[in-house]
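Listed next: structures, encoded as structure tokens.
Shared between the two complexes below is chain A, which pairs with chain B and chain C, respectively.
Here is the complex of A and B:
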């Protein structure tokens, strides 16, 4: 036992972890929930990484279609014809010991990461944390990380190649072809790199590598930069108007270990239990399989993070509503340059807090409305994009009658 | 102290991304309002042409479907050449002159790329997109339908901007061969 303690102390000393554990942290951010959302997102990322390691070992990407013989327990209901990707996810979810819980934890922490990222964004917007020295750079890193998080979510959604995932990759492969209209040869690039604008083995392999290797590596780099910036630059100052009180709160510090450390561990355990509860109470089923060439039932079911966007696209003229997320992201990028005067308290920044609330209301209203009502698609004069005639391929074949 | 130089670099970076995005968003809007035909780039069509076989006589069987199969209904074939793949649906079209014609189309919707569903039961009469409701009708009239030539899968409903990409087919013996396709 003594040797172990000695080893632990040696590790702490040799890797300079003692400095990390003893770095001063302010007390005001201990209890305020606005300061913990970024932590939730980061912890979700590490939970996703650990469950992802196991899932990556069990999952096989591929499009070769297999017919599963009827299950002795389920009878004909157990028969399904699906791609290799789907069959391997099916095997993980329903036929592997602990596979169900593994997949549920991965899914729910992914949803939690997306939600926490959004909530963290609004929390820091309300606190005006880009106003402190170095805050602008951290804000920019945060926007990049948010973009990468959404990318990861979409790529992970595609991998099982269920019906919705297959439609998602189809749309992802073809939507950027509209750049051809501006003279940017996107479709040539896609065909040169992936060989097809239809999901093939090559495409699903690329998605797999992006999901498990490239995007997580980028997230890790940017997250490391951001954590380093916060470690040495401190968290955002408290939203107090009185300068004296504020500097007093900033200066009142304690070492990270043991109090904040215990809070962080508690937060991780709380988060894990929330994820396990969600997995137990509302397990997310694997959607129906898809095989290439199969007829697809009409109607798109967007996942909840993009439901608000889908609602507005159907409600408002597409040329306005399609630009909505671009506008919101641009606004997020520009806001540190616009909001520069005055302090960080709510009284001084009430306009920006109001904007944040409107922003949250737009997303929340769209999400709720999308789940409550099925809005018919609107047809406007702009719905159909006018295309120059030389962009369309005329029918190429020589019509040949068949039979008598 | 705020480093003015850093601020300026940030301003240039963010300003240019704002300008780019606004440009990207407004170009199709302006394009739909004014006539951009003369402004459009003359450089080729954005689809990539794939020649599956030069000559139908030595075309491999994997690019073909027996006509007897097509009589039961449209058939899906993933046409593979090298690392390229074209999802094609083969079918027989009942023309207004009473004859049956073999035809095939790339089923990637020209709107956002969802795979379209063939309609018409035993014969191929058109395609419906499950995602955003585009409908493509195959012109059954040998003299053409309005602007669309015979057998073109032209848009009759929904947001798709142009007809489905065709696959050139040749009938040889009792099989229909795909010889040329567009991605």
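Here is the complex of A and C:
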């Protein structure tokens, strides 16, 4: 036992882990759940990475059409024509022992990561975390990470090539057609990178590589920078108006180990427990497959992280609605430059708290409405009058290869 | 059906009820004991963890027997049976992690008590 303790101490000393484990953490950040949401998102990312490694070993992207049995969670009969991508995910989810749990954990972790990212963003918005020294840089990293997280969710949603995934790639590639000056070069660049105006083996392979390699690598780099910033710059200040009470709260610290460490381990275990419970009680079906050339039937909807966007695209002028996420991201980026005066307590900056609530309301209203009603695409006075030229449209589903 | 011959174990429903009973009793006991003494809460959690591990191993055993049975996947009913057992395994694992999480967070609460924050 003594030898083991000596070995442990040696590891802590030689790998310089002691400095990390003993770094002081303010007590208010340990006991306030608003300060845990970033941890939940980061932990979800690592759960996704681990389950993603296993899934990437088993998944084979491809468009060759094959026959699969129906999804047992949907309760249909007969067989489906499906792509190799779909058949591959079907094999993982339903024909591999413990593959079902693997896929469900990956899916629910992804949803948890998106939800925690959004909640973390609003919590930090309301707390005014960007107002301290170094907070603006962390805020910028956070906005980039949020954008990458949503992108990663959509890329992952495309991979099984079910009807919803095909809808996601269709929307994703057609999104730029609504911006004449900015969108046309971007859409042409996308077509050049993908090498096609419709889904091919190469396109789905590119989406796969983006999902498993490029976007996670970017997330890892930005996450590393963010953790580094928090480690050396400290966590957000407490939202207390009274200066004396605030400095008292800031000074009251606990060592990371064992205090915050016990909480973080508990939070990770609790998070995994919730994810597995969701997998057991409300498993997510694989949905109906899509085959190349098939148009998306009405009633198919995107996943909830982008549902609000889909709702607004169908409800209002696409020029406004398609630009909405770009506007929201750009606005989020300039918030630290606009909100500079005053303290960080809610009563001192209620205008910004109200703006944060409007932000939540825009996304929440669109999400809920999208699930409650099926909005038909209508021609209204607000609908864009001139349709963009066809040469600018990376239109998915039309079998017209690029080149001779 | 060929799989009925292969799977001689308990039904998924029975396993689910057993796991849920152990999980609920375990969670209440561990939470209750955490208010009294963390050491006893840890011992209680360990006992429930052992029981749940046995249930998990039993369920996984059935899953592997099912998926390695000749002819598995020929009907949707077989696949649905496999999914049901996997859902039970996920539930058991969830209960195991919940108990471990309770003990871990309980340790932080004890540190707070020791340092006079409560």
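What we mean here is this: the second predicted complex is superposed on the first by the 339 of 404 C-alpha atoms of A that agree within 3 Å, B and C clash if a C-alpha of one lies under 4 Å from a C-alpha of the other, contacts with A are read in each partner's own complex, and residues count from 1 in each chain.
Here, contacts are C-beta pairs under 8 Å (C-beta built on N, C-alpha and C of every residue); 3 or more make two chains touch, one makes a residue touch a chain.
Keep in mind it's a predicted model, so treat the numbers as computed, not measured.
Of the two partner chains, chain B is the only one that A:195 touches; chain C does not reach it. In the superposed three-chain model, the partner touching more residues of chain A is B, compared with the other of chain B and chain C.
Of the two partner chains, neither chain B nor chain C is touched by A:57. By the touch criterion stated above, A:326 is placed in contact with chain B alone, chain C being left untouched. In the superposition on chain A, no contact is made by A:373 with either chain B or chain C. Within the superposed three-chain model, A:185 lies in touch with chain B and out of touch with chain C [touch as defined at top].
Of the two partner chains placed by the overlay, neither chain B nor chain C lies in contact with A:4. Overlap of the chain B and chain C interfaces on chain A: none, as no residue is touched by both. Residues 60, 63-64, 66-68, 72-73, 76, 79-80, 82-83, 86-91, 93-95, 97-98, 100-105, 107-108, 111, 117 of chain C are the ones that touch chain A when the two sit in their complex. By the touch criterion stated above, chain A contacts chain B in their complex at residues 136, 140, 166-167, 170-171, 173-175, 177-178, 180-183, 185, 187-188, 191, 195-198, 200, 202, 292-300, 318-319, 322-323, 326, 330, 333-334, 337, 377, 381-403. Across the complex, chain B meets chain A through its residues 10-11, 14, 17-18, 21, 24-25, 27-29, 31-32, 35-37, 40-43, 45-48, 67, 70, 76-78, 82-87, 89, 92, 95, 99-103, 108-109, 112-115, 117-118, 128, 130-133, 139, 142, 148-152, 159, 161-163, 165-171, 176, 180, 182-183. Contacts from chain A toward chain C in the complex involve residues 27, 30, 69-70, 72-73, 77, 94-98, 100-101, 104-105, 254, 258-259, 262-263, 265-267, 269-270, 272-277, 279-281, 283.
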